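Chains: A, B and C, in written order; residue numbering restarts at 1 for each.
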């Protein structure tokens, strides 16, 4: 099949229209395209619309430093001077990929991993590895408390003798639930023969597949999936810079970052203006005010930002918390960010793998210190200051700090009710070595911090109005306490 | 009024700009435009922007088969060679329309029906009649169990003697509530005289009006409203292909298809990319990868899809479940799709008009069989395979099937609690011939399947992450069981 | 600094691209731009993209009346013939601004107020002052009942001795919560020295800052913030006309106007079509059908609308309730709009500052009368009639009126349960001079009207389908009554 005439392929590709005529494609990729212009052709079309199908790494590297999207020092000639096509990724490092399989004379792997992408983007790949998100699989799977929470969500329950009992969740449910965002562990499980248009062929069977979660454990052992944010075969920077990408995992009541953003002033301006010709989501570097007039998630948390005077507003980082001093969501109390992205190392004084005590005191040994917090906050404030005055920024951050304090306090009050419930034997908790998430009153407690305190803090951080009030905000923080109290009253009337 | 000079009308129309200069308009439609360039002129402007105001049916029919938007065999010359204007629809088949009224010398009917549209689109109209949606009025109105549910929603309740009692819902409330999506029954109720700019005129009075629900019963007896999805006077295919159209009725907690889609990878790519010039929502046929790089609702469920190699990926269908093997939402348990779109025929073994028993066993006699399920699933998978590998697709559908099983099991557990509640006389249910939806504990049970199991299944079907976890997903499925159990405990303490 | 060469500034500005070359900029503004091309340059870029950076007031005034965006009679020559730049607003009326401070030889104030904007837009500013929104700060702050509600939301609660107690909310929380939309009171609190790139400089300290709430009390005593809807430094009419602007404060469960709109037919057409080249969000006047084919919030409530025949459909108004006869949301019962935008004047017969009794009877003396209601309803219906027939419009409004009646009745039922709860001493209410919002059962009552009745009415008003049914609609209105009743049953079992 490798011998196919390049001429006829070119004709085929040109017929499809929008694709650059002169892009130098490797022979190997041409062989892929030959069949895949028909089989799963949608992917090929998608790829043709992307930048990587048009620009060779060598050309990409010629750009001035600030405009570069690649960060390699060296690259083999065979990769440098062809566009990045099917073969360049799916046959790369094939010996490191246990999912590689023989496919028409090539060793092909299905799951392209961050280690593959690192060939051209080593800096970004390394930063991402310092990102909590890269560790999202293990941080959930290997933390006994979080696993207890996950089980309370995913397990099937049965009713008999007036009681509910939990069975263990099955793997498919876990993969479809928590791990759809956190990432699954993808493992080769042998091969399967399949009848195709080209005769019988052999394909690998993968457990945990499909998945594009941010902390996916790939067959080559690497963590993450660049396509989480740069989806499918365009690997678009524009898509990653739009808030819809983040909304895939950050929309629900446990982490309503996207809904909050969408009702913020920034979100309004984005929604109202971003389609206008004066916004440019492709520009590298991204110039504040010129390329965009309100930040998206990426602008504040990731992108290389410049000012029109040529100065750097913020350096690009794929370690998302490099501009964040406090972890506002996901845990029982807000607290300084963990020092290591592997949070399974953390133990609080009570011996639990949590960044704070149940009563809120931070497990400081495992968290970043005051200096590092200040450095990160300063990083973020540089972004704010690109448009806002120092007074504005200071006032904003003071309010956020107040919100952190008050929401932590409202969580503590809920915790005190729960401790009293456990103490009086109305529910079974830590002392009974029972799950702390499996009874209704415990789930009310969870919602206090996982839904309402989180939502209130995100609203405070981004200016999301009602998400700090009636939309899972302070109203619910307050109402939930009253309902927990009523629960104890009704329960006491045995 | 019919004698108005065509010349001056043309001037008027041209002044408005974007409209095709040469479109041949019938004399009758010209007469309509004469006044309606002033009266309700917004509608006229809307029409002028649509394709039907620019292309005659004869021209539309000249297109190659795959590019055709019309499906008629024969059409009268009077209709064939003029664009489809006011008169072509609103005076068509006037004898079949009991809402026809004399209007400046014409017999005009207000409610243009699918039978009118079938003049040019007979195939689509016939397919739509096989759609559950076409039967949405009767399937709700003429099913005793669903009517019981509707009443529990729409009835006014009063409080006296420490008890709540339900009054019957009034017609206006029903029309504003369930039937706003399901469709009302529109019936002529005589005429009314009204003073207008052109003197006193007579107009029909219609009950159940206005409405654009999918199963509207029209005065001519036909079912449905093509404008549900092809809205107002542009009848746009582009609008129908965008997910916002489906969101009108598929956004709430009972059927969160749109929210789930919006956080899926497909939804993200749509939101991030669809405004770019490389997407074409008007193209017929719709070519995967070329015209769009991620499917919308219509792509998976309705549209004629082609591959860039010219092969057909999926045939157009307006029977929305032709690519669906299981009904995932709306009912107590997921089950194979009903064989007939008229679901009032169904009886389970207990004699209830439900596609399953209360304990989940399917009423198989009324449902499609395994072969038909496989045929429909294969239809859908052809769409997936246009971009995804066989392994990907298989893994995805296996997870969905697991989700169907586990969510059905969680509904069964809730049902068992409810049966025990009825059994112990804590609430009045089937045995007491009482409504099964009118008490708080019964409504908790409803939310188990109507909200949480549905949401979880839709999230599994489309990759909607948190809608299967914390956003009315498995978290709520689990929490609700605990709360139902607590309810019984508090109740037992009498 | 004032002496900077205009030439080099022009070069700088031109380098940034999209900005008009010939815009006459005042010398004072040129002085601002000199430094602020570097400091907070994002704002400057934003301003350059707006109309006010390109058109002088004199040019704006030359437009025919219907096309004018300005409404002044007289304007000083110094303002008339330069574009509206930094200095024109931030140094205007500096003596009236207690937040003015010396800044490089200028008296600059940070908080540009409606009184500043009134220099060119006096008519709009005056209308806005008649808007309830302009009074949103005082209407909340100076109403004892609403303050009680706000406290029940914002206060920290602590748990001890088996009881919850409320502490007073702090100012930062209030500003971050209710007043983020209602507007804060912004007050100068002295100055602070700050090290800058240009040496040490002095800046004002403002309490209640930052804030862009609709009823902000500005240092000059004026009410409101034009940037609430015309955000940042473009002051765009296009942004204000898009529903995302309104969604900033009208999205939560207490006032889900935006979500309801988004699933209405109008919202669908907007979302599906508004990016197409046939929509023009900048046009003044705004021509129905030509510039847009479905109304946004602004079209129905604010904008000057024309018909293609040149007749006026609706006059521009910044008094948002000039087209609204009833207040549908925010209060316990729907009722005719207050006669004065200052609602602190209102007293019901029970002496409470509420527009109705607790049992629903309107405090008519303080509300608009039947004639005014009809005038306002007619204003709105003129908008509807631009596209819809009289029958359609009448049918729609009859259903809305039915919904007002039935939702008020469902609120009354909840109120009767609450009165009985208070009467039996299960909770402490008015008679005990206790807060009527601080106990769980009281919060259930609040959700009956603030969430569910409001949502149902908004759905009825705009055609928002499930927001009147399962998405915080009639289902929740009905379920909540059952849960309130169960609460009393469980409570009685002491």
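Here is the rule we go by: a contact is a pair of C-beta atoms (placed from the backbone, for glycine too) under 8 Å apart; a residue touches a chain by one contact, two chains touch by 3 or more.
From a predicted model like this one, the values you see are computed outputs, not experimental measurements.
K.L.:
On C-alpha atoms only, rotate subunit A onto subunit C and read off the angle in steps of 5 degrees.
P.N.:
It works out to 120 degrees.
K.L.:
At the subunit B/subunit C interface, shared numbers over all numbers used: above half (same) or below half (different)?
P.N.:
different
K.L.:
What is the distance in Å between the mean C-alpha positions of subunit B and subunit C?
P.N.:
From the centre of subunit B to the centre of subunit C is 34 Å.
K.L.:
Of all residues in subunit B, which are in touch with two or more distinct other chains?
P.N.:
Each of 275, 490, 493 in subunit B touches at least two other chains.
K.L.:
So in the complex, the part of subunit C that touches subunit A is made up of which residues?
P.N.:
15-18, 37-38, 40-46, 49, 110, 152-159, 162-164, 170, 172-173, 175-178, 180-181, 194, 203-206, 209-210, 212, 231-232, 234, 236, 238-239, 242, 244-245, 247-249, 251-255, 275, 438-441, 443, 450-451, 487, 490-491, 493-494
K.L.:
Could you please specify the touching residues of subunit B with respect to subunit A in the complex?
P.N.:
These residues of subunit B touch subunit A: 262-265, 267-269, 271-273, 275, 278, 288-290, 293-294, 307-309, 311, 385-392, 395-396, 398-399, 402-403, 406, 409-410, 413, 416-417, 420, 459-460, 463, 465-471, 473-475, 478-479, 481-483, 485-486, 488-490, 493.
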